[in-house]
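There's a structure below that I have some questions on.
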Amino acid sequence: MNLELSAEEQEFREEARSWLRDNLPTEERPPEGQEMREFDLAWQRTLFDGGWAGINWPVEYGGRGLTDIQQMIWYEEFAKADPPFTLNNSCTFVGNLHGGPTIIVNGDETQKSHYLPRILKGEDVWCQGFSEPGAGSDLASLNTKAVIDGDELVVTGQKTWTSYAHVADVQELLVRTDPDAPKHKGITWVICDMRTPGIEIREIQTMSHVTDFCEVFYDEVRIPLTNVVGGLNNGWRTAMSTLSFERGTAFMADQVELAATVENLIEEARVRTGPDGRRPAIADDEIARRLATVRSEVAALRAMTITGISRNARTGVPGPEGSIVRLFHGELHQRVYQLALEIIGSDSLRLTPVDGDGVWTGPYLQSFAYTIGGGTTDIQRNIVGERVLGLPRA
Amino acid sequence: MNLELSAEEQEFREEARSWLRDNLPTEERPPEGQEMREFDLAWQRTLFDGGWAGINWPVEYGGRGLTDIQQMIWYEEFAKADPPFTLNNSCTFVGNLHGGPTIIVNGDETQKSHYLPRILKGEDVWCQGFSEPGAGSDLASLNTKAVIDGDELVVTGQKTWTSYAHVADVQELLVRTDPDAPKHKGITWVICDMRTPGIEIREIQTMSHVTDFCEVFYDEVRIPLTNVVGGLNNGWRTAMSTLSFERGTAFMADQVELAATVENLIEEARVRTGPDGRRPAIADDEIARRLATVRSEVAALRAMTITGISRNARTGVPGPEGSIVRLFHGELHQRVYQLALEIIGSDSLRLTPVDGDGVWTGPYLQSFAYTIGGGTTDIQRNIVGERVLGLPRA
Amino acid sequence: MDLLPTPEQEEIVTTVRSLLERDFNLNTLAERDGADSVVDRSLWAKCAELGWFGLGMDESLGGVGYTLAEEALLFTEIGAHATPGPFLATVLGARLAALSGAHDIAGAILSGESIVALAEPHTPGAASASPTVSGTFRVTDHGSADLILVMVGTSSALINASDMVAEPMASIDLLVPIAVGTVSDVSPIAGFEENPGLALRANILVAAELAGIATATAEQSTQYAKDREQFGTPIGAFQAVKHRCADMAVRAEAANSLVRYGSLAVLEGLTDANFHAHAARSLAATYAVTNSQINVQNHGGIGFTWEHTAHRYVTRSRVRSQTLGTVQSHLQSLLDQPTPS
Amino acid sequence: MDLLPTPEQEEIVTTVRSLLERDFNLNTLAERDGADSVVDRSLWAKCAELGWFGLGMDESLGGVGYTLAEEALLFTEIGAHATPGPFLATVLGARLAALSGAHDIAGAILSGESIVALAEPHTPGAASASPTVSGTFRVTDHGSADLILVMVGTSSALINASDMVAEPMASIDLLVPIAVGTVSDVSPIAGFEENPGLALRANILVAAELAGIATATAEQSTQYAKDREQFGTPIGAFQAVKHRCADMAVRAEAANSLVRYGSLAVLEGLTDANFHAHAARSLAATYAVTNSQINVQNHGGIGFTWEHTAHRYVTRSRVRSQTLGTVQSHLQSLLDQPTPS
């Protein structure tokens, strides 16, 4: 138990800080479309060139081969640099934090050497094809079918909640390859080229006015069998590995950013008039206590993240405990923005974008996704109850 | 929809107020033992003589034959009279609000004419024998067996959470009369004389230091078959009727008293120093809002009770909606005492009795029973979900 | 004493409900998302014909002759259907005009001819409605308004819409156009320096709309829990979902019961009418916001889409919670009331 | 950076745990319910022998030579086992004595010979610890105490127990004797006018004890959910119970992680040590109270009995939440801290 950074880690922190000072973009991120894609990929390329891509990825695939603690240090320095955009709000998210890590663990050598460097260099945008209209919390009931035809899979069906599908090159896709097997046994995890004929993409409008989500339709889409990751009909296991990354460290950047958000909110409460119309909001006892409470909770979140990293460092792989952090984080994120709406008073009726300085209502609306996406809080609680605590299934 | 009292109801209210002014005891209620029993029965007798017992019971069994609204008016006037004890905290509770109402609906003529007047006149103390160590939320799995032998049931087994068993004359007892039937089908609801040989009673110490609960052990206890209420092996149905009274109107007095408690707490917050050690507690924005919130919630509770009475008046029997009020009431009751502990600050470390003026920690400890007894909040939520809303069972 | 609607009141509710379901369908109304007015004048005239705007007003004043109780039931349905439009300003504006003797104005409002927007202080203490109207206001439904009802505490006034310079702002609820408007020393065409009764009615009607939101979201979640299947069973069979639905139903029952009680307390002029109006207003707001947030969660990804109506309740409950006071201001007013007798 | 105990630390925890389970069994201790002292002097000497009282103190001061991190782990176990007794006053009192050069007093405390009670202001602002001790105090574990550690803000003092007139009060926790004591202008036998470090350590140790309560109650509920059957299945299979257990585990993980972080921040003298100490203290208190309340609920009727230990955690968390500050006071102190670097 210690909080000390090794000399190497300390040096890493200083390098990161100094590099960010010189290289952080000053322009805002375009909120949608090809412009967004170009911006995100350019930034990824800048990161790669600076040595800040794939910090905890193996060196042989273009990563730095460093520790999760260093990865966290990078996120912290990024958040402190007062960036004009948030880190995870990028179409490079799925490649860096879902697809990439899954391939590192489950991919074959050809897959690793082809896809991993392209992700880090900002050459491919990845998207996720897991959920379906009838398979949400019950992911294993997915219906999109894939029939083997020679050395290809022929895919027909529909996916939904596919972030960035409309700008993506590559998709991590779950398909049913054996309709007769028990539902967890007939699934395959496969890499799909989004330019393959037979794919149709429709954007989904959301309550937060963000248009990153898409529905994707597949009509006899042909995918080479060599794109299967982790083995045919073994996709559930591969997908669980993807999700354990999502529940483990994928949201580390968000968690770090939330601490900065709370500090901004405290500042907001100092300058705004409170509910009584006379004193500053922060002079209101209830607001003050709620602010201090979320301040203590983001501190706890950071400590829990370090606990998680410490645990992973001992076991080598992210365990189900990741759901503890994910659950705490998702609900805390919502509480922070609900509190923000109380603090800004009548300005809570003014719609703002989801991303940017001093905006609160857009992120409030977006915050509903934090307890739904990547497994609802009900699912996370089931995982904590059953897989961490060992309680019986119903 | 109206709040008007009929001339009769208005007159009833004034009579109650005036009678209470002249007849309310001024001495404190003895907290335990035979003294408590004598006090409670004497007060019941006083009520009966004054015409305030069995207000909504049929006239032929000693009641007044009046409406639930009048019953509620009585509770309100009682609470307003600043009584030295609370109404439901009495060993006459089970007879008045469980056993009696159940017999009114399900009993035969002999049972009605024998037991009902004795309850109202303060001649019998009743206790409840439903729960067992292995049958709590799953009441229907009860194991206490009763074998028919001639014109008697011979009962062997154990009950628990039997309030006032140690001072009771009569018990409403659930026994398994058909061990081979499905679990809901082999149960019988029977009246047990607590002086029958073979009964052994042990008091249970509780976290609130109240000693009303007992364990009761039965060793070949003989009960005449004529004591069966609602028919042999039909006890589940009879018990559900008992519980619907409990969840419907049995807690009306508590609910009325809770409103008075909140007003006392507001007064307490005016005179006590708040968390900052300088201003009165009520000047603290958080405490003020939480007080106002519980004030609005007890107002809602009263309105919900009237809604329930209005519904019962249309349908004739208490429905599953009673669980809505019971659930809201139980959790609100706890919130009120949790808030009280914040308001009284360091005095929250001082243990007080459960009942009395200006005492808060005893009732706080007692408040844990409000979401457990008579069906836990989980069970109440199941009832609301399944029987009120029509959601499917698992 | 009875808190359930009479058969006659049930009939009013049924009529209101069927019109709202048919003509105020949210999927159709979505076409007006972000517009500066959501009022369709022919629809508005239809509501007027049905007597909605003068439902709780005496016939002697040109109303239908029902009471605040029926008006509250109307607003509960408006809330339950997330129906947009200046209903509140219309009902209160007509009443203000009629009570102050401006019968032609009242008539124009009641007939649906004059559209009324609602203005309230943009920041506390920076605006007045009497003797003249001045200050900076938050204005709701300003787009096609002919008149503006200005409410500042217990004073209220009607002015011509042309007397206000209004700057639209991006509203969190795309069907509730909001603007920030300034007025400088304008004499009202009708008004009261002090009419606590109007403010009290306003509290009840806003509370009723919020109770409607709490109710509709409880029902929407319950229905979805019956329809949506996962793991081979309707999700309502899962205790986590079931219990959330149960809690939502409890909140709805609490809000509705208290709003009904409050409407009757005001109607019957009970001494604790203020107590119950503030209690109903704060409780209904809190429960409406809570239920609408949980309703999104219960719908999962579907609830997060624009296409689904769940988000309408989220933003509507936020807007109405801040209409004529906030949860905090009403809680403070409630705490200031004496113990009800 | 690592927040999991080292093997050596794990070993300390195992040793502590086995003694607490064997010799501080709550069913046995229940015999002392309501007594004015819960200290068994021979047991106390055994704890002393094991080095618990000087665990985090330098060997140069007579301690064992571990750090605040290990001391916090000890207090987490004390909390987890709801172990009563003046551990906090003992550890802090020994440190105060040693640091101020009163080595004989320190030695007597470390050996378990001198029992130390804790005194803190009964009401804010009405007491002082320096330069002389005066005022009205809430005293914990006064019964058999030889010395009293008086803490007022960041000043602290040791006085002889005989210098205080103490009136026992009925304590909500029957194993934590509480008295109200008055002291009039007594010179301390050891003390500091200002020692923020001691107050900071105190915050961490109280937080650690509270985190232990949050952890033990989570574990108790989880175990009961596996063992107790209703409806033919362990109740932990019911989602309502399962999810409550999951939430309790989340709270325990949050409290433990933050307390460990805080103990290290104080230990390593980081600039945000105060920030983390107040954060840990307030969060652990809130979560301990919450978890212990829910723990009773999860146990149903059994949890309401005196025989079961669930209520011990309820009252202990209440007492410790008010030991050396309240949730509110620590939240305010937290909010007053600058943004951590």
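In order of appearance the chains are A, B, C and D, and numbering begins at 1 in each one.
Definition applied: a residue touches a chain if its C-beta (ideal position, glycine included) is under 8 Å from a C-beta of that chain, and two chains touch if they have at least 3 such contacts.
Small disclaimer: the values here were computed from a predicted structure and weren't measured.
Chemist: Consider the two chain pairs C-D and B-C; indicate the one with the greater count of contacting C-beta pairs.
Modeler: B-C
Chemist: Taking each chain's centre as the mean of its CA atoms, which one is most distant from chain B?
Modeler: The chain farthest from chain B, judged by C-alpha centres, is A.
Chemist: How many angstrom lie between the centres of chain A and chain D, each centre taken as the mean Cα position?
Modeler: It comes to 39 Å between the two C-alpha centres.
Chemist: Just how far, in Å, is the C-alpha centre of chain D from the one of chain C?
Modeler: 52
Chemist: Got the chain B residues that touch at least 2 other chains?
Modeler: Residues 275-276, 289, 378, 381, 394.
Chemist: Could you tell me which residues belong to chain C and also touch two or more other chains?
Modeler: In chain C, the residues touching two or more other chains are 238-241, 243, 328, 332.
Chemist: Would you mind writing out the residues of chain C in touch with chain D in their complex?
Modeler: Spelled out, the residues of chain C in touch with chain D are 238-240, 243.
Chemist: Could you pull out which chain C residues touch chain B in their complex?
Modeler: Against chain B, the touching part of chain C is residues 1-6, 9, 69, 222, 225-226, 233-234, 236-239, 241-243, 245-247, 249-250, 253-258, 260-261, 264-265, 268, 270, 275-276, 278-280, 282-283, 286, 328, 331-332, 334-335, 339-340.
Chemist: Which residues, counting only chain A, touch chain B once they are in their complex?
Modeler: 275-276, 284-287, 289, 394
Chemist: In the complex formed with chain C, which residues of chain A make contact?
Modeler: Per the touch definition, chain A meets chain C at residues 131, 134-138, 141, 160-161, 204-209, 273, 275-278, 338, 341, 345-346, 348-352, 361, 365, 368-369, 371-373, 376-378, 381.
Chemist: Help me check something: in the complex, which residues belonging to chain C touch chain A?
Modeler: 122-125, 138, 169-174, 178, 229-232, 235, 238, 240-241, 293, 296-297, 300-301, 303-307, 310-311, 314-315, 318-319, 322, 326, 328-329, 332
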